[in-house]
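Right, I'll just put the structure down here and ask away after.
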């Protein structure tokens, strides 16, 4: 449904990078849910560029404004509209290069789809900026899930060729890791790996280049029984959302592509009773079997391609003149998007899971005491 | 939407492995489209188990019957319902082990979701058998796309640790590869790799074990401009469908997880004019930028986990007795699902792409002369 | 969504009058709901033509067969597919008049939409026969609502110019009326009115003509708080469904078109406390304010046009020859559809209300003990 | 889908009467469609209260602001967000009577649904004010349809007991009537009837009372073949939208409830050739057969109940104190909503029809030259 996602909750996003505002409508939240502005801004801040040499120098205040659906600090039960004004726009950077298609970007496809009518300033509707609205919506969803004991956390599993430690296979330790990651700006499990990543990002940046990596998310505290066998499998729902994040080109759950090298006897997760509960002794399936949560932590990873905006000279075409050309990108860009994209990944997971919960337990459930 | 997929075309699948029939409803096809039973059966045959030691010995005739929407060999424009009767069912194989949860399967999650009311015979609604209906629907969609010049083909990029050659970067050669693959039962580019894979599969099978791998699909002849920037990105739409295939645990486009190790300067696809058309000199992005097709071939891969049904003894629990147990699986199972799953992957791609085409060009377009 | 309705439950209908079978898929029912075949057939029987001179002489056995989603007499929680085979088809009746468009029917619009590819035998997908599947699905939904205390009943409020008594304004008496109506084949409150209607129907039939009327439904036992302020208002949801019934050309709630002649002071329903509960002293608004149920009985009416199939000679055109023509309809037809359509109207209400309930309370709620 | 409507175009509305702004998102419009602000405001002006004693004295400037999707005076092809700020709010009028439920309003149902968390100032999300956003969206849709030759016009068929003339059965004359109506503030065919209506409205107003009526719409220039046989019948789609208008309690097409008194031989529309085209000699079916447009004008009517806000004293309850009470409504209210609601009715029709057109002909069709 184009810019709208969901079944029991519906999220619609809108906006262009240099238009008046970006934002989102979220419909299907129960009435009476506390809207904690500080918590929302805290999530927004994770996505905001920092003046640390690792991200763009376009700094937006990103104050979330509610146009509807929130009253006296709580949801009213009607559609919630939130917007973020676009303030720090420098459209001139883009005008200079109009017609020159940026490799790796959506410039060519925007022409193919919109025939030249697109607002291409700052990437328009393809800009990563739109994901700020997703983070705000995700924060609302996340606060509901949090009250039910669901925790979501993402780290840079690899970046610029440097690997972080994996999540712990022990759930208790994993939850501690999650809590630490959710306090960090540059979210890694191993401090040493994080330091090495930052050095590698700065090195690429110094050369006018950019780097990619892998973002890994763990979700704990989920009920077993969420999701559907086919088109609304947990993997289907989350991957639809995760592939909406600009730059994500791969999604895997549990062992993911690692399964290709395993035999069934090694890939299957053995089971045992833990009190009254069935648990698996390993978690190769990443908490999901047959598309449905099994009560173990959901583990997923996305492949994030290097930021396509680089300062190095590139071969391209001038779309207007229909001739080959050379492009030297100006403007302000992130040499690495992963430290900020992790907030978007958290948000997408929160949106997808709240929708699955709401289908199963109803809208009213959201506001029930735990 | 649970068992229903789509926007402009809607596909609903239903059935359990040992129920009277499985099937699907497809709504949104234009009137007057030829329904070529031979072509459909040809696609069905690719998914059917063969008596070759590589797949289950449960052989179904899998004759597609139409209950609605087809008249005089053409679509009528109304909802098409097709069913496949379940004939060769041996439910007793499953009764023996009732309550013993099969590791890697959806037995535990089925209990969590359905509370014991599920029809668990043969995996019930979680059975790979349901995908036979998907293949039939996909064949209908594919025949429409084919008439428009769109070609879809899938090969075993890797299986049991053996790698096949990648697709050719030259589009003309790629189309030839596609045509050859679509004629093959065991679809590989390199015959030698295929032979080695089959040996490896048989070796695992002999040990009562199973293997996984990677299925790679190429789609050529697509128009530029399909898909949407966010929730209906081509990646989002196809991944939702692909993750519906039981056993798929990863999806990637273009370089996919390989992007993690590239710098932007290496990852971006340079552009040049080819006559009036813009093409890219490489195809790291797999034919998709900003969620929208750019006119280059779409390249994607799925990670397929090893069949969870293995004959080796496994540690599990008895769900009814709530105690640890040991399981020795009986019944008929595929030591490797990839040779058959490739037909399902083709079908899912066809369904997703026809939906995107129909949104852009309308229902009537489907039946227009090329 | 063409042939699919719903949000939290999805109903897809399919089939043509003279094809192999008609049927429906219903997705989103909880697992473990008893499937009472007798109750379903009882609802089916209300819609079946009787050999009473008031309806068509095409008698179908209309035995519901389940292809999926039902096991051991209960829902499994997966998509339920039910079919009804078409047995008593006499396509020759229609062949004689091929090309001659039947006034009041969908023959002209079928050509416009499907370009001649439609299966026009017996009205094809436009046939009232398709509503047999709706009744079967409605019976499933209704049995769930019934267990929660919701009662639905419909009577012929007017037919062939004869008026029945209105529903009682007293809820207790209304429930008694509902129970009586649900036991009747020809459902009227006043026996005298019913007798007069039957005389009038037979009179029209004898002249080769047909009659219309108004079907009025009362729904009691509903919770307050169902529905949404705008596009999913209870009126919006139910009217979408009710206008799907062939022959329905008007839908009104409460006073409906009678509101045009009232002043606000007469139209508003005064309120008072009844113990802890707020009730209205009148029910002009038919149990719905602002699109949401208020806890009073929902009262609605549909306008049902006279059956377009009449035996009198009619002016029409020959679509193939593109010339004016005269048509004398053959075949078997109902002189009045209302006695049978009331079962469809009940079913549509049940489907819509179960969807609204499920959105609010979740899928699991359906199977909970009252 | 709660506050979202549509298949190929999606319209999401949001806002509360006294919140910061109301608005809508419309997704699925093609790129390059001219956005004529003057035309939009012209439609908005039809809905705006006038200082004529017939409507509320709350005057809003109702300037439409675009937050996204419009650039250089044309649509960009992405989601369009428009907002209308709420300026002239006097919440105090409502505070005085907090807890006193207004008869005929959604106060009771809002408590039932939202448990007291609703923003009830000015009716909150139930306010007719939200329909201002619908009119703005409808104006966009209408401008696209207009360029294709589709004309929509609505008149007060009856009001306060006074009847206007019906639409002409001659299409040419009907189009002239439509053009005249679209220029009028108080849209009636007969000037004398209009004058009598205004006298009757003022008389009711002087007594602190309000009046209702019937709005009749004609839609000309439609292609045959729009709509679907069942759940997306033209009647289903339009009625879902029309019943979203607060105060609409009935919807009928063609003869509507008048069919109840006709025999088939009088109700069926005879056909004849008009050149190459098939036309009907009467239009009892209101341009729709089997849910699908037949190329004749679509004629529909809605029943609009009298404004529930009246100044006369009313019996009600105090929801907070749980006791019977008497209410004397203050504030600014319309004694008759019909003159303004006609703009909303036009808009709803435009939205529904554009969605049906887009499904059939595709998104790109919208921007094609006629």
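As written, the chains take the letters A, B, C and D, and residue 1 is the first residue of each chain.
Here, a residue touches a chain if its C-beta (ideal position, glycine included) is under 8 Å from a C-beta of that chain, and two chains touch if they have at least 3 such contacts.
On a predicted model such as this, the values are computed, not experimentally measured, just so you know.
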Intersection of the contact lists for subunit A and subunit B: C, D
Of all other chains, the one whose Cα centre sits farthest from subunit D: B
Pair with more cross-chain C-beta pairs in contact, given A-C and A-D: A-D
Distance from subunit D to subunit C - Cα centre to Cα centre, in angstrom: 26
Between subunit C and subunit A, distance of the C-alpha-averaged centres to the nearest whole Å: 45
For subunit A paired with subunit D, centre-to-centre distance based on mean C-alpha positions, whole Å: 39
Overlap residues in subunit D, where contacts from two or more other chains coincide: 1-4, 7, 13, 78, 113, 125, 229
Subunit A-facing residues of subunit B, complex: 1-5, 7, 13, 101, 103-110, 112-113, 125-126, 130, 158-159, 161, 204, 209-214, 223-225, 227-233, 235-237, 239-241, 243-244, 246, 248-265, 267-273, 276, 278, 280-281, 285-286, 288-295, 303-310, 312, 314-317, 319, 322-324
Subunit C residues within the subunit A interface of the complex: 7-8, 78, 229, 358-365
Subunit C partner contacts - residues on subunit B that touch it in the complex: 1-4, 10, 12-16, 19-23, 25, 27-28, 31-32, 65-69, 71-72, 74-81, 83, 113-119, 124-125
